[in-house]
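This structure is in structure tokens; I'll ask about it shortly.
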Amino acid sequence: MSERVREILSWYRSDNPGTLSNLARLLNHGRLGGTGKLVILPVDQGFEHGPARSFAPNPAGYDPRYHFELGITAGCNAYAAPLGFLEAGAADFAGEIPLILKLNNSDSLSPGGDPCPALTGSVNDALRLGCSAIGFTIYPASTQRNEMYGQIRELTEEAKAAGLAVVVWSYPRGSAISKEGETAIDVVAYAAQIACQLGAHIVKVKPPTAHIEQAAAKKIYEKERIPVATLADRIRHVVQSAFGGRRITIFSGGEAKETSAIFDEIRGIRDGGGFGSIIGRNSFQRPKKDAIEFLGAVMDLYAGKTK
Amino acid sequence: MSERVREILSWYRSDNPGTLSNLARLLNHGRLGGTGKLVILPVDQGFEHGPARSFAPNPAGYDPRYHFELGITAGCNAYAAPLGFLEAGAADFAGEIPLILKLNNSDSLSPGGDPCPALTGSVNDALRLGCSAIGFTIYPASTQRNEMYGQIRELTEEAKAAGLAVVVWSYPRGSAISKEGETAIDVVAYAAQIACQLGAHIVKVKPPTAHIEQAAAKKIYEKERIPVATLADRIRHVVQSAFGGRRITIFSGGEAKETSAIFDEIRGIRDGGGFGSIIGRNSFQRPKKDAIEFLGAVMDLYAGKTK
Amino acid sequence: MSERVREILSWYRSDNPGTLSNLARLLNHGRLGGTGKLVILPVDQGFEHGPARSFAPNPAGYDPRYHFELGITAGCNAYAAPLGFLEAGAADFAGEIPLILKLNNSDSLSPGGDPCPALTGSVNDALRLGCSAIGFTIYPASTQRNEMYGQIRELTEEAKAAGLAVVVWSYPRGSAISKEGETAIDVVAYAAQIACQLGAHIVKVKPPTAHIEQAAAKKIYEKERIPVATLADRIRHVVQSAFGGRRITIFSGGEAKETSAIFDEIRGIRDGGGFGSIIGRNSFQRPKKDAIEFLGAVMDLYAGKTK
Amino acid sequence: MSERVREILSWYRSDNPGTLSNLARLLNHGRLGGTGKLVILPVDQGFEHGPARSFAPNPAGYDPRYHFELGITAGCNAYAAPLGFLEAGAADFAGEIPLILKLNNSDSLSPGGDPCPALTGSVNDALRLGCSAIGFTIYPASTQRNEMYGQIRELTEEAKAAGLAVVVWSYPRGSAISKEGETAIDVVAYAAQIACQLGAHIVKVKPPTAHIEQAAAKKIYEKERIPVATLADRIRHVVQSAFGGRRITIFSGGEAKETSAIFDEIRGIRDGGGFGSIIGRNSFQRPKKDAIEFLGAVMDLYAGKTK
Amino acid sequence: MSERVREILSWYRSDNPGTLSNLARLLNHGRLGGTGKLVILPVDQGFEHGPARSFAPNPAGYDPRYHFELGITAGCNAYAAPLGFLEAGAADFAGEIPLILKLNNSDSLSPGGDPCPALTGSVNDALRLGCSAIGFTIYPASTQRNEMYGQIRELTEEAKAAGLAVVVWSYPRGSAISKEGETAIDVVAYAAQIACQLGAHIVKVKPPTAHIEQAAAKKIYEKERIPVATLADRIRHVVQSAFGGRRITIFSGGEAKETSAIFDEIRGIRDGGGFGSIIGRNSFQRPKKDAIEFLGAVMDLYAGKTK
């Protein structure tokens, strides 16, 4: 066990040995194993955006086995997906990569309004499939937030008792904030705090912009001169907002974009003290060889092997 | 056990032996037993459309025993019906044909609005009646989808633990899409993906048209030049969307129509790699002798005995 | 055990011996015992319409013991009432008449809108009071039907496991149909089908009129020339709609009317193959002697002792 | 055990010995013990109207011990209050007076609309505090009645299984009736019937006026010439509506008024066959000595020691 | 055990020894231990107002360990926080300060409307983290009060059975009262009463103003000449409203303000017989040394060491 992983685990001393072991599995697996950094492969886009939009650019991805293989070969720390995708490979690839079962998901066939995903899996499902963690999305700023907070509260209690880790996707969205506000620095920092207070071990947020959404927050950011000019500044503030850096905070990649832009973003996350990335479409929509190369480059950035 | 059935079962290796056995029962029973193809007899129309509209054309069908006999004699792989219809024959025909208990149903006496069927049975009911599977209808695109997804999630967990298979009817319908969109190729492929992600072993969708409903999807279909011109093309895309063909996808017959039109549709499903059909009104509303002949012809098409 | 009762019980072979015994108790008790016909005394009007409207015409009925005595003396097959009325006599009259505990009820103090009765008792209550069956009202065509269907589904599963029989009052009512439609032949037949599909052993509907409510149904009734001209025709169609006559279907008496009109209605039910009647206000609002005479005459009609 | 108490207990023969014992405790305690009459002290006004409006007129009542002492010294049959008030004295006064735990309550800080109290205690709370009964308020005529009926149904089942008695406050109120209708004779009689049908052992209603609220009821009251001219007439009708007098029906005192007016009301209740009174504000808002004298006078009226 | 603590514990004689022990822990810990007074450190602002608004003024507070250390060093009676903050230190500081797990919280990203916090922890969480009490916020005057009262009812029952103490934050807020009414003397006194009746051991309310919100209350305050001119008067009335002073009532500090104003407020609370304060922002937003000095001064005021 590396010193850094030992240090990170020390932040979670209230958890039972089962959960600590699963956190260790996530931190020790793959190319970044032992560094305290994580790159996770998430594939929930089939449910969230539909199969063609997700897999037609690289049709190998229609087959659920493809993503297990990609995650394993690329050396990701973990692979996260909804029930069906994990069931379709968990036995074949048992023990080859830590799994995160996403327990709620939204589809794009659904009518608008303030978002609230459907529950699509359980802690028991995660256990029977050999997963290391559960994943769950909350949408702070939605009128339905209490429903989601109540669900994750219950699932978190159950997961921790069963020795699983808890990963929370915290994406502010809904009628209480503007579209621009969804990635505002104050809102993203707040989203990280909420996920931590709800008991998440690992928090996933979006890379924040310099926009400040809430008037009451703006006053403080200005008065206390919190630096938000560069991405690294903002990442640093988000990491600080996640219990002074004592919770693992990782960042999503978002929509497909140019590779160099992604690398710049990774550098910002790394320099600000972020713990890593969750990269879906930007990896599995490329041909496998490219994806492996691309993910390797991202990991090298995090590992400090490249600048 | 045929090689093909063995292959199909290999896609479900995360399931317990109980569920694998019940999937094998469905695949090995009847005239198509062992071919990997299925023709299932469903009779839920008494609940869904009322008794006269369902059974007056062939009044023998008022008697629940009729459908057991039809399914058995015609050599269907399974017979699917709501609680009452199965209770009225399960003891008399015990062990003669695999049964699927439909756990939710809608009636036509009910007011409009976005659809959500009523729960009308349980996993325990399926077990006490000797069923091999539960059946469940979801309506993606309904404002009430979360309710349905949450119900099937819970029932699926319970059914799998009890060694049952899960068949999901996935019919997009509701205020988020147009009437034409209900059978649009992008929407049907998405509906198949959702059912698979929710953990279905067998997915039932409608034969899709070449219409594309969602703008975001249309862009991809055009860019990636996904073939949708013929029914076989579209079936192939739907089957691919069901985990690269690693989930059993079957198709509904829909409203009664001319026999030759049905046979053409079956050819399209077969040629596109579909796993079979669920045929209700087109079978039980004919006189028994005609229905048996008709179902035999359909099975011969699937078995490749006729073109 | 008479041949006819044996035959009726054979329709319920999926049920456990406990439930079969209770069905046998209902069929074998009283003046019609063994004939396969039933006349049941229901007294839920105190809750449904208030005490004065129910009992002032014959004040002996304020006392809950009165109805036990009436049902026993008149030789009814069973006595059905809500929790309070059964509790007030179940110990005193233990074993003297089969009891049906009505598990939901509506009061007339309540505001309008689509109906959904309140739950007022449980399967455990039925067991501790020594009942043979539970009773439950559903209102198809109400916007709240899913609530009621879900409740009876759960109660039915529980009751059958506990060896009780299930009696469903199926009364279409609500914003999806017209007032006239509540007793339309297509709607009543559909209501019987729904109750059977939900797993009822005994279905209670209203005597239907020749009106046809739903356009889609009307087309079939005309095309298939389903006879609906006489009450006997219509009863025959309703009984056929209840699983081809393989479920016990009985009919309510409705509002108090002239005795000769009631007898005519009974003849129609009998000639159409109906299994009997549930008669409340028309019996307990008469003086006891008259009521016994009246119920005796009804039973004689069903028994074929009179025309 | 007096003959009268023995007779009253005989009405509840469906209950278990635990519940019969607790009913006996209520009937045998205090100055009216053994007479079959009850005067109960209820103090829920702190929750319902706020502390100052309830206790400022006699500040000793801010202290929860005061009411235990008042009930004990005055010789009331029982003391009824919400969770907090009972917890604050149940140990100190254990075994000195039968206790009724009120399980739901409304506060006056809450917005209007059709009433539905909050649940504020449980059957387990009643048991651990040594109570003899649970108390519960229903508001027939409220759009939320099904919620309340469902709650009391469940609590009643649980209480009876645990050997407790059930006291129901039945106060029609809500959008389905007029303000005047809340105490109309037809409505109060109906409210008593509903509580009895829901399984209450003891029913508490308001003294009714001669007003008749519902048109359908008015027709019967006139046709059957039900006497409603005097309070005694109306009480007699309400008691009859409570299962022909075979359920204990007691009456509330309502707002503070002149003592002589209260005594007149008590005489009416007594002469009509009412079983007693629940008297809150009219007792605890007087100085203790006055209250004891006043309650003694009320009890003497019920006991027939004075006219 | 001091006489005063013994006396206070005597008010809770209905509770089990586990709960009494935990109340004793709260009363005996820290600089005020044994005096019967309490100063509690609550840090839920990260969730309620966001991280920057809460911790940027004193960035040491981003780290959850900071607040444990502050509470311990300053000699507070207890430290209260949501799940995440307690989990992040409960093991490291086990046994060093009594903990209160706040089980519900609201965030400021959420849309407006009548307030109802989300559930964010459970009694089991409190037990596994070694807490002495649960904390819960109710908002009387909100349309959603029944939801909150129902939740705390259930949690209170569970907590008391598990030997925990219950602390209720009672903050009237919502469409039934004005903004000014939230701290009106009648409303605050009523809020204290409600919390006590719901079974709270410790009640936290805001220091009240002399405003009287409700017309029905105003009449009584004037008639009975309840003194409300000075803060001490009003505190005295609130304490009296909390079961005649037999429940521990403490007061919140509210928004940051000048230190001398706070000391004046503490004097008012002390002179009116209040049991202490909960002080969040006014302590943890100061530099640690200042905060310790400040909290020490507050405690000296309560202990009577200074005026």
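As written, the chains take the letters A, B, C, D and E, and residue 1 is the first residue of each chain.
As a convention for this text, a contact is a pair of C-beta atoms (placed from the backbone, for glycine too) under 8 Å apart; a residue touches a chain by one contact, two chains touch by 3 or more.
Given the structure is predicted, the values throughout are model-derived calculations rather than measurements.
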Worksheet item: To bring chain C onto chain E by a C-alpha fit, how many degrees must it turn, rounded to the nearest 5?
Response: 145
Practice prompt. Please decide if copies chain B and chain C contact each other with the same set of residue positions, more than half shared, or with different positions, and reply same or different.
Written response: different
Fill in: Distance from the mean Cα position of chain E to that of chain B, given in whole angstrom
58
Worksheet item: In angstrom, rounded to a whole number, how far apart do the mean CA points of chain D and chain E lie?
Response: 36
Worksheet item: Rounded to the nearest whole Å, what is the centre-to-centre distance of chain B and chain D, using the mean of the C-alpha atoms as each centre?
Response: 58
Response to the item:
Going by residue number, chain D touches two or more other chains at none
Discussion item. Quick check of your reading of the touch definition: is the inter-chain graph here a line, ring, star, complete or other?
Written reply: ring
Discussion item. Applying the document's contact rule, which stretches of chain C touch chain D when the two form their complex?
Written reply: 46-47, 49-53, 56-57, 59, 62-64, 66, 82-92, 105, 107-112, 116-122, 124-125, 128-129
Item to complete: Write out the stretch or stretches of chain D touching chain C in their complex.
Response: 11-15, 140-141, 143, 145-146, 149-150, 153, 157, 161, 172, 174-177, 186-187, 189-194, 196-200, 214, 216-217, 220-221, 224, 226, 237, 240-241, 243-247
